[in-house]
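Take a look at the structure below.
Note that the chains are named A, B, C and D in the order they appear, and that numbering of residues resets to 1 at the start of each chain.
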Amino acid sequence: MNKNNIWRGFASDNNAGVHPEILTELSEVNKGHAIGYGTDKYSEEAIRLFKDQFGDGTDVFFVFTGTAANVLGITAVTRSWNSVLTASTAHIEQDECGAPEKFSGCKVLTVDTPDGKLKTELLKKHMHGFGFEHHAQPGVISITQATEMGTVYTPSEISTLADLAHRHGMYLHMDGARISNAAASLNIPFKAFTTDAGVDILSFGGTKNGMMFGEAICFLRPGLSENFKYLRKQGMQLASKMRFISGQYIAFFRNELWKKNAMHSNSMAQLLFNKVKDIKGITITQRVESNGVFVLLPPGIAENLQKYYFFYPWDESRSEYRWMTSWDTTEEDIENFVELLKKELGT
Amino acid sequence: MNKNNIWRGFASDNNAGVHPEILTELSEVNKGHAIGYGTDKYSEEAIRLFKDQFGDGTDVFFVFTGTAANVLGITAVTRSWNSVLTASTAHIEQDECGAPEKFSGCKVLTVDTPDGKLKTELLKKHMHGFGFEHHAQPGVISITQATEMGTVYTPSEISTLADLAHRHGMYLHMDGARISNAAASLNIPFKAFTTDAGVDILSFGGTKNGMMFGEAICFLRPGLSENFKYLRKQGMQLASKMRFISGQYIAFFRNELWKKNAMHSNSMAQLLFNKVKDIKGITITQRVESNGVFVLLPPGIAENLQKYYFFYPWDESRSEYRWMTSWDTTEEDIENFVELLKKELGT
Amino acid sequence: MNKNNIWRGFASDNNAGVHPEILTELSEVNKGHAIGYGTDKYSEEAIRLFKDQFGDGTDVFFVFTGTAANVLGITAVTRSWNSVLTASTAHIEQDECGAPEKFSGCKVLTVDTPDGKLKTELLKKHMHGFGFEHHAQPGVISITQATEMGTVYTPSEISTLADLAHRHGMYLHMDGARISNAAASLNIPFKAFTTDAGVDILSFGGTKNGMMFGEAICFLRPGLSENFKYLRKQGMQLASKMRFISGQYIAFFRNELWKKNAMHSNSMAQLLFNKVKDIKGITITQRVESNGVFVLLPPGIAENLQKYYFFYPWDESRSEYRWMTSWDTTEEDIENFVELLKKELGT
Amino acid sequence: MNKNNIWRGFASDNNAGVHPEILTELSEVNKGHAIGYGTDKYSEEAIRLFKDQFGDGTDVFFVFTGTAANVLGITAVTRSWNSVLTASTAHIEQDECGAPEKFSGCKVLTVDTPDGKLKTELLKKHMHGFGFEHHAQPGVISITQATEMGTVYTPSEISTLADLAHRHGMYLHMDGARISNAAASLNIPFKAFTTDAGVDILSFGGTKNGMMFGEAICFLRPGLSENFKYLRKQGMQLASKMRFISGQYIAFFRNELWKKNAMHSNSMAQLLFNKVKDIKGITITQRVESNGVFVLLPPGIAENLQKYYFFYPWDESRSEYRWMTSWDTTEEDIENFVELLKKELGT
């Protein structure tokens, strides 16, 4: 597939492996014994690194998966009679096999969006029934940053949604599975579009940006996490050898590795976008603001490409596909892929 | 604490780190991209290795934690109106913060045991109400092998419980967080005291025997796992970069590393037992059949020892403590610890 | 409000009281002792009456509320990783405070409809992801008969949806809170548009048609209700003095009281419709096929009317209101109401 | 079976029918329309009557069954990681098919008692693990008054348990399915052994004391019920025609009908006790403090008696049976039953 014969495709940023610096760190923390379940020096340090990013009032809890971060974070601030408002493309709606409903008991209500981004006007249809016992009580607005469509909210867009939530006694949750890509895209600190913009609970993703596993639930407003440790344990997400999550985050934040990785994958998406945007017969369907390119392909093209570079359909009804770049995508990967695409298209 | 100045205690086998061969394997599998969520060659191989151990009819699913393995395995074979019968010392009763009840909806019913081992006679008091709609329907008997007290069931003891379960239309679940220690202790293949003894669902533990994370749910009887993939995802336990669980198991089974590790920790427990059993003033409370030693200490002794070698109280009401050995415990650790103990005891 | 000074409005058919024949029956069954929880002769008789209506293969379980009938009926045929597809106006979506999600763990997915009726084409967008573990598995299509908008499915429309469901291994559930009104409207037996049309699970409603409380969950296809008795008990819906639900159904089916009541309320809705449909300034928004009339009123009109005849807004954003008739609505009620309406409108 | 040929047995107080005054009241409230779901004058009055009994700070919510009252009341004051401590004979443990676990997510922990009554010393073994995330957090102590064994707590015994609960940040819940029998037995007002004794949440039972259905959840301490209306609806326990629960309570409290009924059934149990206590060959196993008599019978005796007067075994392993009296038990019933018993025993 490339000169080193190492296969890489565009299926998902979680098809990439672990960044070498993170792997090395795992060896580093693997010395002697450490008290289990998070009472170790690596976990303390990792938590401090999160506070550095998000503010001293932040409470951080590590879990295994992004789904778990979303589900437990939402459960922490709701009761079962609440509803969660989100985009119909959201991971919590499409890709978690009903985990939010099962675990929190909450109803998930969706709105269609053109680009994966919620807006006040779109949410309006679900912002009713407050105080009416027959109706699930709107409790959380959940946004994804960067969105599942690769678009990115601005800080002011987030503030507007936070205000909407808070005016109604609701919380703003951010699914940050690709938060590093968003931060790199906006080129501002994490804090500027989370804590400072009014986000209450954040699912901070590491796995899609070069880690092996391990996400963080960040409570950005005081008073939300008091009993969360019980919820994490009951939610089957308490790692016994916690240092191997913590250690990864130590490497992740050191010398802004997270940013280097995210900037790289974003730039690879830009490169891909620039190389294909003028090709006749294909249509880019979303703004390329992070590390995904969404594209309409003529029938029959995808199948052949996928033999060499695997990727997923996004909306089969209109032949739309998703190309994701990752921290280890190379320029050569892009060039070879675009060459192959052109050949398939006969251009 | 020892000549290499690497701290090691007797708190838990999950305080130990990752075995070097497993860490090396993580680097090996970290090459290029791999399709996420288990559709990769490493996961295929790891599953084959499990079938080698437990039989071709075995279905294997990887999850993150032992709690998850227990909870999801039990949920797979129950409906919410069932009950789960177990020892009052069981992990599912004492140490999972109610996760089994929360996720499965089932009632957990316990019986007191002298040594952590269930017996037909003990279970009798909960084996009633079948068909009576007011009463939760007994659905699962759950045993731990090796038990939380370090004791080990014989294959025939397990068969007897399996027969009891099956006669009542129930399933036998084994919490095998320390199954390697049990196998090493019995010195028979895994299959001989699981599949062949009538166990239906097994939580196979790796973390306590030298892995970083990642347990396996093994369905040992056909027809139980048809929809389990949905349950795992909904249970927030589907690893995106699955190869990093699978890879560990490849190393774990290669050259019987699992056995080497387990035999070592078991033998360290024996060494400890032999060195302390005749010391005046202390009492060993359980048979030492795997890698734990349970001991009554005179008041004031534990506190001083714990400053150097951390370990947990088991039953504070009678000053009972638990000493766990692990794959990396050294003879020197034992000798130094016993020396210190004797000093504290003034013997 | 009327010559007997007995207040009656158009808020809901559950604002009406209990039909005298049903009340009388409650006295009849109140003699001596009866074994609790359904093992009594009245319950046996009531179940036989249901089998007369729906076929001998029907299994019937009484519960207290329509919400319970819906939630438990759906839970009986799903596992937590399933989804339930329904109209966005459905009671299970709008009016049960998230009870389906909380109890079944399932995701509820909705489609917008013009008239409360599902159609194959509308459902298409949710009929995907089968076998894909990330996606909640479509398990049930739930329709309401008569719908929340007062419209009624024909038997062939129901058959089409049943076929769609069954082709995908799904079940068809009918929320029959107003099933009597639908049967009266179609003027065919219950069986013709339920069992015979492929409905699998039916929530049969009595309360809105003259009963005091007590709905029935009917399993119309064999093999679905094997363990339902446990689910009903665990769902807090097992009546101890069951004869007081059963007895009501004995009166309900005797001499087709259900039909008399439903035909009456339907005809009152028709009368209301006929008297208002040509009034200038108001618009009827739905076909009047059962006992509800949906209407757009000019601003300010509703408030005054509601002082005398209470009724609810349906869609406040467009000043739409719902007028429900019931078994005890009189022609005089309609005449007085329309007179008042005209006065308010100045026509 | 008796001169009026009306069958009455000793199976359960819920095998009895509805007291005539309550049945009459149902006709009274059945006039015209009433707004559904509790916003009606009857419900207001019934709530006021509860406040008269339990204090003005009491919040009252009606539900259908005792199981629902227990489960929702407990859920209201817990989160899923809590545990509920109760007697192993408690209804929530033995007779609710796991509903508390399913709905609240909580673990139910039990202690054996000689007489169904919890005591501080007995509870000790579960009062630990506070703050430890691996362990379900003790959240509620649940007592039954009168107990399932017919015994009655004194106010001071209840105060002691309330203090124990409150000292640990827990709540005291009372399952009052037979609270009237307890109040009649103690001959003190309800308030004296509930609100004044520190009970936080009360399941107030009506059905076993002459009502048709309908129990009340009373929050006796301010601040516990803020969102309970959502929980009741989501728990499928909101009656649409609420006036038919409320109306029953109006009759129930009028002229202390509740007390008359309870005193009667208690006195019938005393009569039965006095007539059998000296019969050779049988043994009374519990103090007769309310309306139940527990007895050991020689083998073969029960079966014959049950043909004429139905009753249930309590503990088959030792041939123990339960005889319950009810509001409609007559002296003649007792006399005939004892006569038959003596005949069977050959005394």
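Here is the rule we use: contacts are C-beta pairs under 8 Å (C-beta built on N, C-alpha and C of every residue); 3 or more make two chains touch, one makes a residue touch a chain.
The shown structure was predicted, so the numbers you read here are calculated from the model rather than taken from an experiment.
With centres computed as the average of Cα coordinates, no chain lies farther from chain D than A.
A comparison of the C-D and B-C interfaces places the larger number of contacting C-beta pairs at C-D. Between chain C and chain D, the centres computed from C-alpha atoms are 33 Å apart.
Centre-to-centre, using mean CA coordinates, chain B is 42 Å away from chain D. In terms of their C-alpha centroids, the spacing between chain B and chain C amounts to 51 Å.
With touch defined as above, residues shared between interfaces to two or more other chains in chain A number as follows: 80-81, 96-98, 102, 105, 133-134, 136-137, 230, 233-234, 238.
The touching residues of chain B, when paired with chain D in their complex, are 80-83, 94-98, 101-102, 105-108, 133-137. Residues 6-9, 11-12, 14-18, 23, 26-27, 29-36, 63-68, 71-72, 96-99, 102-103, 207-208, 212-213, 230, 233-241, 244, 310, 326, 328 of chain A touch chain B in their complex. Contact residues of chain C toward chain B in the complex are 37, 79-81, 105, 133-134, 136-137, 227, 229-234, 238.
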